[in-house]
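What follows is chain A paired twice: with chain B in the first complex and chain C in the second.
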Partner chain A sequence: MAYPQLNPDQYAVNTYGFIPFSTPLSSPGDIYESPQSGGAFAVGPNSDIANVRMAYFDDQATPGFMQFVTLSPRRALVGTVNARNEASYAPSARPGKILFWAEDIYDPNYRPTGFVANTDHIEFIAPVIEVYEYLKMPTSLGPARIDKEFVFQNYNFNAGVFYLVVPYYGRKYCYVNFTNRNQTTPNTMGIVGVNYAITQDGSAHPYHQETTIRVAAAVNSNIGVTQIIRASANGMFDALVFSLTNAGPAPLRITMSDDPL
Partner chain B sequence: MTAAPTLEAAAGQAFDNLAARYAAGQLKTQVTIFCDTNNGLFAQATESSHPVSNWIAVLAVLATRLPTGTPPLADLTPVAQALYRLCWIAAFLRDSGGITGSQAATLLASYNTVIGFP
Partner chain C sequence: MNQPRPSKIQGATPVSKLAPTSTDRSIAQVVAPAVTVGQSQVKYDASTYLTRAGGTAILYNGDRTWAKVTLTLRTAGPVAVGQSADLQPVLSGKGELLQTDVPAVFNVAKGDRLYIASTSVNPVGVLIEGYPWLETITGLIGSLTGVTPLAPGKAG
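The block that comes next holds the complex of A and B.
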């Protein structure tokens, strides 16, 4: 979806039950609008973003006539919210559509501590924001997010360190399984949890907060590494950053859950 | 703080700049001026610029609700986050054709004049 965003009117015209706002974030500032009233709003099953901020027109929310609520994997909003296209937010005089955005912070300009600009590589898995706007009040809402799995085997680089940034917003458990199948070269693998901050990336000491989960250490050929990450033991992070020194093959399976298993 | 050369840099400086405005008791006035200055830059009829105008609408509401002078510290964060996101989406839409280069440049110049803290 990203931009141009999907047209919510078509879902209403075609009598669908819900509007699936679902897209990888195209930027940290993505914001989506709906001119359709809804009977319930929930974080979708594939969402990497855990907390979604929603704004809607409310005559009694003064000044500004804008009411804010947060949707999360554990807290949907069930109840009619009207898009008030005929009314305007103040002072901007913009129509009173329903607005959504990721409340969690994302920063594609983040670079891990120790990143060497000219030799290292970084790849971000853009976080998916998924919000379901139900056009009628549903009889029930299921559990919010699936246990998400990311699978990789080969990595596109030939020098320095390769950093892979995987979204982890609100997750409470993660199972990491990594095996070096390069038959000649060890692969030095590390894991860091990062919480993004609003900061000047590229400065000497950006404000992002990093927690080492696995100290980077060599994994020899045909050796496997398993790492369990628990919120109660390791903390909660916006993203997990995997560092590798070899292009593979090296199967990496990352399975994350909202349940504190 | 030096002027932000790009909208992405402006996003990264948003919290630092607004913290300085906050400390000077200027958070409400400067954010209000910024919104007032730029709201008319993005016509409602141009759908591709709605993400920017929607952020201005949100930021303007947040500014309206701030008390004059020095508000509670907790009020600074949502304003800084909204400005961060506004700058980022403007940068993205500038690159993808959703807004013009001229609009992006005007927004950035306004940011450096009104929000940037010398």
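The block that comes next holds the complex of A and C.
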């Protein structure tokens, strides 16, 4: 485990209705495990990761006895899945617990095309993976994810270009509102949608795919920019990359939704 | 010369809660109603039992004459309950699998034990209610059907 995992048994002992597995991803390989059987499984409301892979013990899934299912904002799993702690996966001989991990790709080593290592800066909003395991079958499941909002105002750099990477997995609509409140200097702002790939980030041409949504252009003092990003018009991305050339102040509000508004 | 001194402990002759039984197999008999009812057989007992992964544990040890044991699983389980001392593997069918939030009722006679097993930690609501009158009814039915009840202390 790359992070301290909560104890699912404690939620059962305290007779909670669900176990909220939630953490910012520190690496794409983070895996949760649950020794508790569940009546339903769903992507949590605060999750940035859209597709969550889940594995559970299945006698008929030879040779490894591991069965897989994918949870997404549009598809929860309602039905009892037993945590078979008495059984073992093969060939690892590990207990047949229920496992969760992000199916979406996350690459904290991603660098945008044109990134200058010595002068430019990049910051990632680490995507949160959140899965709810219900300890009994719920009578209903609400919409999976909230409309998430990110708000920024000042940016910690003093030279080059500043890149801000915001998770956007599975989102279908985004409202971006940017205003340059630096009274003396224009701020050159651009937006790129990126889809991560399994690649060598150190190579000259990594496989990540970038789609320009807003060509970087100067925003003068006290001028606001509004950008609407729609899945039908712009596409769907793993992350949005905002590039800036001034530390601010420059309020940036990003509101994203699963609804194709 | 020392004389034997009477015991300071006064009271009635101790009466066993266990009614007598006959060893004569040629005569049909039922157990006569017990003359006393222990207080523990009247009181109810409500608790929450937490299962653990592996093994089989005694949930109720049959210390009452008759008892109604109601079990309610609070989580997804699986939890098996039965009279076998080894219910593992839990999903083998050796015991009854409890359903979440569905009370399961067992009428347990004295001496019969109720065992529980699980593969994980699960809270199980346990309500034990005594049936002190059930023994009396059993004896009366035996009388009405012509089967001779054995009087307490007259075990054949």
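Keep in mind that, in the parts below, the second predicted complex is superposed on the first by the 259 of 261 C-alpha atoms of A that agree within 3 Å, B and C clash if a C-alpha of one lies under 4 Å from a C-alpha of the other, contacts with A are read in each partner's own complex, and residues count from 1 in each chain.
Please note the rule applied: contacts are C-beta pairs under 8 Å (C-beta built on N, C-alpha and C of every residue); 3 or more make two chains touch, one makes a residue touch a chain.
All figures in this text were calculated on a predicted structure; none of them were measured in a lab.
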Kindly say whether there is room for both chain B and chain C on chain A in the superposition, answering fit or clash. fit
To the nearest 10 degrees, chain B and chain C lie apart, as seen from the C-alpha centre of chain A, by 80
Could you say whether A:D201 touches chain B, chain C, both of them, or neither, answering first, second, both or neither? first
Touch check for A:V78: first (chain B), second (chain C), both, or neither? neither
Is the number of chain A residues in contact higher for chain B or for chain C? B
If you stack the two complexes on chain A, which partner ends up touching A:G29: first (chain B), second (chain C), both, or neither? first
Who does A:S92 touch here: chain B (first), chain C (second), both, or neither? first
Tell me which partner A:I223 touches in the superposition: chain B (first), chain C (second), both or neither. neither
Looking at A:L261, would you say it contacts chain B, chain C, both, or neither? Reply first, second, both or neither. neither
Of the partners chain B and chain C, which touch A:S37 in the superposed model: first, second, both, neither? second
Nearest CA pair across chain B and chain C in the overlay: distance in Å? 16
If I apply the document's touch criterion, which positions on chain A are contacted by chain B in one structure and by chain C in the other? none
For chain A, which residues count as touching chain C in their complex? 9, 12-13, 15, 35-39, 80, 82-86, 135-137
Complex contact set, residues of chain B against chain A: 8-9, 11-16, 35-36, 39, 44, 47-48, 50-51, 53-58, 60-61, 64-65, 80-81, 84-93, 96, 98
Touching residues on chain C, where the partner in the complex is chain A: 50, 53-54, 74-78, 88-91, 100-101, 119-123
Residue numbers of chain A touching chain B in their complex, please. 3-4, 26-31, 33, 55, 63-66, 89-95, 97, 99, 101, 105, 109, 197-201
